[in-house]
Amino acid sequence: MDNTTIIAAVSIVTAGLTTGIGSMMPAIGEGRAVSTALSSIAQQPDAASTITRTLFVGLAMIESTAIYCFVLSMILIFANPFWNQFIVN
Amino acid sequence: MDNTTIIAAVSIVTAGLTTGIGSMMPAIGEGRAVSTALSSIAQQPDAASTITRTLFVGLAMIESTAIYCFVLSMILIFANPFWNQFIVN
Amino acid sequence: MDNTTIIAAVSIVTAGLTTGIGSMMPAIGEGRAVSTALSSIAQQPDAASTITRTLFVGLAMIESTAIYCFVLSMILIFANPFWNQFIVN
Amino acid sequence: MDNTTIIAAVSIVTAGLTTGIGSMMPAIGEGRAVSTALSSIAQQPDAASTITRTLFVGLAMIESTAIYCFVLSMILIFANPFWNQFIVN
Amino acid sequence: MDNTTIIAAVSIVTAGLTTGIGSMMPAIGEGRAVSTALSSIAQQPDAASTITRTLFVGLAMIESTAIYCFVLSMILIFANPFWNQFIVN
Amino acid sequence: MDNTTIIAAVSIVTAGLTTGIGSMMPAIGEGRAVSTALSSIAQQPDAASTITRTLFVGLAMIESTAIYCFVLSMILIFANPFWNQFIVN
Amino acid sequence: MDNTTIIAAVSIVTAGLTTGIGSMMPAIGEGRAVSTALSSIAQQPDAASTITRTLFVGLAMIESTAIYCFVLSMILIFANPFWNQFIVN
Amino acid sequence: MDNTTIIAAVSIVTAGLTTGIGSMMPAIGEGRAVSTALSSIAQQPDAASTITRTLFVGLAMIESTAIYCFVLSMILIFANPFWNQFIVN
Amino acid sequence: MDNTTIIAAVSIVTAGLTTGIGSMMPAIGEGRAVSTALSSIAQQPDAASTITRTLFVGLAMIESTAIYCFVLSMILIFANPFWNQFIVN
Amino acid sequence: MDNTTIIAAVSIVTAGLTTGIGSMMPAIGEGRAVSTALSSIAQQPDAASTITRTLFVGLAMIESTAIYCFVLSMILIFANPFWNQFIVN
Amino acid sequence: MDNTTIIAAVSIVTAGLTTGIGSMMPAIGEGRAVSTALSSIAQQPDAASTITRTLFVGLAMIESTAIYCFVLSMILIFANPFWNQFIVN
Amino acid sequence: MDNTTIIAAVSIVTAGLTTGIGSMMPAIGEGRAVSTALSSIAQQPDAASTITRTLFVGLAMIESTAIYCFVLSMILIFANPFWNQFIVN
Amino acid sequence: MDNTTIIAAVSIVTAGLTTGIGSMMPAIGEGRAVSTALSSIAQQPDAASTITRTLFVGLAMIESTAIYCFVLSMILIFANPFWNQFIVN
Amino acid sequence: MDNTTIIAAVSIVTAGLTTGIGSMMPAIGEGRAVSTALSSIAQQPDAASTITRTLFVGLAMIESTAIYCFVLSMILIFANPFWNQFIVN
């Protein structure tokens, strides 16, 4: 295993695991938020617009943590500074 | 094991695990959202259209985290930049 | 172990684990959705058609994550690009 | 260990684990669905036919994830393309 | 360790683990189903026949996942195609 | 370690673990079923005979998964086809 | 490590673990059954005899899974067929 | 490490772990049973004698699983047949 | 590492782990029993003497499992038959 | 593996895992906060502005822990002092 | 690593882990007992003296399991019979 | 691997894991605190100012544990005394 | 690695882990106790002095298990008898 | 790896893990305490001062366990007696 192979293999594994692990809990959190939104609308249909608006802000916040992971994986695959360093040498 | 073999093996394992792990929690989250939607419709049938619409937006958000993982796996299998680099060399 | 053996072994293990892990949580999510559907029908029999329709849409969404995993496994077994590369060489 | 031995051993282990892991959660999901069906029938005996029909559709959906795993195991044992490749050579 | 020893050892371990793991959750699922059936009968004795019939169908579905694992183990012990291949050679 | 030693050691470990793991969850499932049966009898003493009969059928179903594991262990210890093969040779 | 040492060591470890693991869950299951029996008696003292009788049948069923493990351990320690085979040779 | 050392070390570890693991869950089960007994007595002081009697039978059943483990550990330390075999030789 | 060192090291580790693991769950079980006793006394102060007496019997039963582990550890440290055997030789 | 390769590989893995692990729980925490906000608005629509304001402050606090992890990962990838040290030498 | 080093290292690790693990659950158990005591006092202030007395007896019982572990650690550090044996030799 | 490489690699991994692990639970704790604050405001809008003030003090306390971890990571990366020692030599 | 290095490394790791692990559960236990104290004061403000007094006694008991671990760590770092033995030699 | 490198690496890892692990549960405990305080204030605004005062004492007790870990980490990094010993030599 020469050096570029190691860097490539490590980058691939890390990119996959980061997205895989980082996507788990946002899905749970969003599921909980959506779930409560639905039961709240059923309980108080008049407040549906306020609830929906707050829900979307909250989903955006939760989704942001999944996006951090996805962005990091994309950086590791397509803009990896260590890889560029080794390719150049 | 030469270098291309290592990259190929690592890509296969990572692609599989990323999709496998990343599909677990969205399924739970969607199950919870759908579950609450059903009980909310049963409780307040008049709000069924609002509930269904909010549900679909929420499911799309939750599904997106599973899709991040699937997209990453597809990239690793069919458009892997590291693999292309090694094949070219 | 020559290279084709490694690729074959890794593909087999990954295909199995991906489907095995990826089938766990959709089953739970669907079980929860079906479970709530049944109690909702018992609570509000008049809304049975709306509930059933929403249930089927939801089950399709949840099942989709299991199908991602199954599709990935089938790709790894029957249309593995890395394997084809090694067989050709 | 020659190559065919490795492929055979890996196929056996993967087939077993895939079915073993993949059968766990469908059993839980079905148990939950059946459980709710029974209490729903007890609560609303008049809706028994609708409940039973929805239950069977749901059980079929849940069972499908277990069947994906079983099918994959059968493919690995009786129709393994990698194994055929090595036997032929 | 010659090749037949490896195949035999792997088959034994896989057969045991598959049945061991695969029997865990069906037992839980059936316990939950039986448990709800009993409390439903106590709550609505008039629906006992419907409940019992639905229970048996559900138990058969849940038991089927355990049987997949047991069948797979029996195949690995008594009708293992890989083993036959090695014995013949 | 010659070959018969490996087969013997693997058979012992597998037999033990299969019974050990496979006995865990049936005990939980039966505990839950018995537990509900008792509270159901206390709640509706008149249905005691129906409850008891359903309980025994359910316990037999749950116990069956533990028996699968025990039977498999006995096969591995006293009627192991791989062991017989090696002893004969 | 000669062969008899391996078989002896493996038998000791397996016997211990099988009983250790296999005794965990029956204790939980019995605790739950006894617990419900006590609260049921407190709730409906008139049905104490029926409850107690059903409890003892249930405890016997649950205890049976622990006894499977204990019997297997005793077989491995005092009537191990593999050990006898090696001692005779 | 000669053979008697291996057998002795394995026996010590197994004896400790068996008792350690096997004592965990009976303590939980007994705690639950005692706990329910106390609240049942507080709820129905007139049935205290029946409750106490049933409690002691139940505790004896639960304790029996812990005693299986302790007995097995004592056998491994003070009456180990494998050890005696090696000492004699 | 000569033989007496191995036996001493194994005995120390086993003694520590057995007591450490074996002390965990009795503490939980006793905490639950004491907890219920206190709320039962608050609910029914007239039955305080019966409750306290039953509590002490129950605590003694639960504590016994912790004492099994402690006794085993003491045996391994101060009256280890294997150690004595090696010291004598 | 020369030294720069080790530092690069370790930095990649650490950056990925830190973001992956550190993004899990904030998503859960935010999901819980959003969820309660929605049900609180449904319960007391008049306090929606106060609730929303408090929610956003709280989400910012929770998000901050995810951002610590993301910042640390960015430092490790783009401003790693150890890497700079090794590159300079 | 000579023999005294092994014994010293093993004793240090075991002493630390035994106290560390063994202190976890007593803290939980005591927390639960104290917690119930406080709510019981709030519910029935007249029985405060009985509750407090029973609480202290219970805390002493629970603390005893933590003390078993601490005593064992102190024995391993300051009065280790195996260590003394090796020092003397 | 020379010594400075080891220290650098260990520092990177430790810094990442410390922040990653240490950020998990504060997020949960803050989520719980914010969640209760919101439902408390909805329940008692008049006490909103007291609740908000107490909430912020509590969040600061909880955040402090996450900050301990972040500070430690920064020390390990930018002001590591061991690293300075090795660089100087 | 000479002997003093091994003892020092083992002491450092053990001291850290003992305090780290041993501080987890007391924090949970104290959190639960404080939590119940607050809700009890809110429910019965007149008993605040009794509750507070009992709370402090309980917190002291729970804190004691954390202090055992901290004391043990301090002994291992600053008054380690094994270390002193090796330094003297 | 010479000896000072080992001590430095072990100290860094231990310091990080101790703070990381030890900060988890205090955050949960404080979150629970703050959470109950808020709902108690909402329930009984008149007792807000007593609740707040008790809350701060409790938070200080819980925070103390996190501080034990942080102090230990600081000792290991900046005042490590083993390190000083090795540096001096």
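As written, the chain order gives the labels A, B, C, D, E, F, G, H, I, J, K, L, M and N, with residue 1 at the start of each chain.
Just so it is clear, contacts are C-beta pairs under 8 Å (C-beta built on N, C-alpha and C of every residue); 3 or more make two chains touch, one makes a residue touch a chain.
Which chain is which protein? Per UniProt: A, B, C, D, E, F, G, H, I, J, K, L, M, N = ATP synthase subunit c.
All figures in this text were calculated on a predicted structure; none of them were measured in a lab.
A.B. asks: So if I look at the partners of chain E (ATP synthase subunit c) and the partners of chain I (ATP synthase subunit c), which chains show up in both lists?
C.D. replies: The common neighbours do not exist; no chain touches both.
A.B. asks: Could you tell me the distance, in whole angstrom, between the mean C-alpha positions of chain F (ATP synthase subunit c) and chain L (ATP synthase subunit c)?
C.D. replies: The answer is 47 Å.
A.B. asks: Could you grab the centroid distance between chain B (ATP synthase subunit c) and chain M (ATP synthase subunit c)? Build each centroid from C-alpha atoms only and quote it in angstrom.
C.D. replies: Whole-Å distance between the two chain centres: 43.
A.B. asks: Return the distance between the CA-based centres of chain E (ATP synthase subunit c) and chain F (ATP synthase subunit c), expressed in whole Å.
C.D. replies: 11
A.B. asks: Which chain G (ATP synthase subunit c) residues touch at least two other chains?
C.D. replies: Only 1, 11, 13, 15, 17, 19-21, 24-26, 28-33, 35-37, 39, 41, 43, 55, 59, 66, 73 qualify.
A.B. asks: Please classify the inter-chain touch graph. Allowed labels: line, ring, star, complete, other.
C.D. replies: ring
A.B. asks: Round the ring, from chain C (ATP synthase subunit c) on through chain D (ATP synthase subunit c), what is the full list of chains in order?
C.D. replies: C, D, E, F, G, H, I, K, M, N, L, J, A, B
A.B. asks: What part of chain C (ATP synthase subunit c) is in contact with chain B (ATP synthase subunit c) in the complex they form?
C.D. replies: Those residues of chain C (ATP synthase subunit c) that touch chain B (ATP synthase subunit c) are 1, 3, 6-7, 10-11, 13-15, 17-22, 24-26, 28-33, 35-37, 39-41, 43-44, 46-47, 50-51, 54-55, 57-59, 61-62, 64-66, 68-69, 72-73, 75-76, 80-82, 85-86.
A.B. asks: Hey, which residues of chain J (ATP synthase subunit c) end up touching chain A (ATP synthase subunit c) in the complex?
C.D. replies: It is residues 1-2, 4-5, 8-9, 11-13, 15-17, 19-21, 23-39, 41-43, 45, 48, 52, 55-56, 59, 63, 66, 70, 73, 77-78, 83, 87 of chain J (ATP synthase subunit c) that touch chain A (ATP synthase subunit c).
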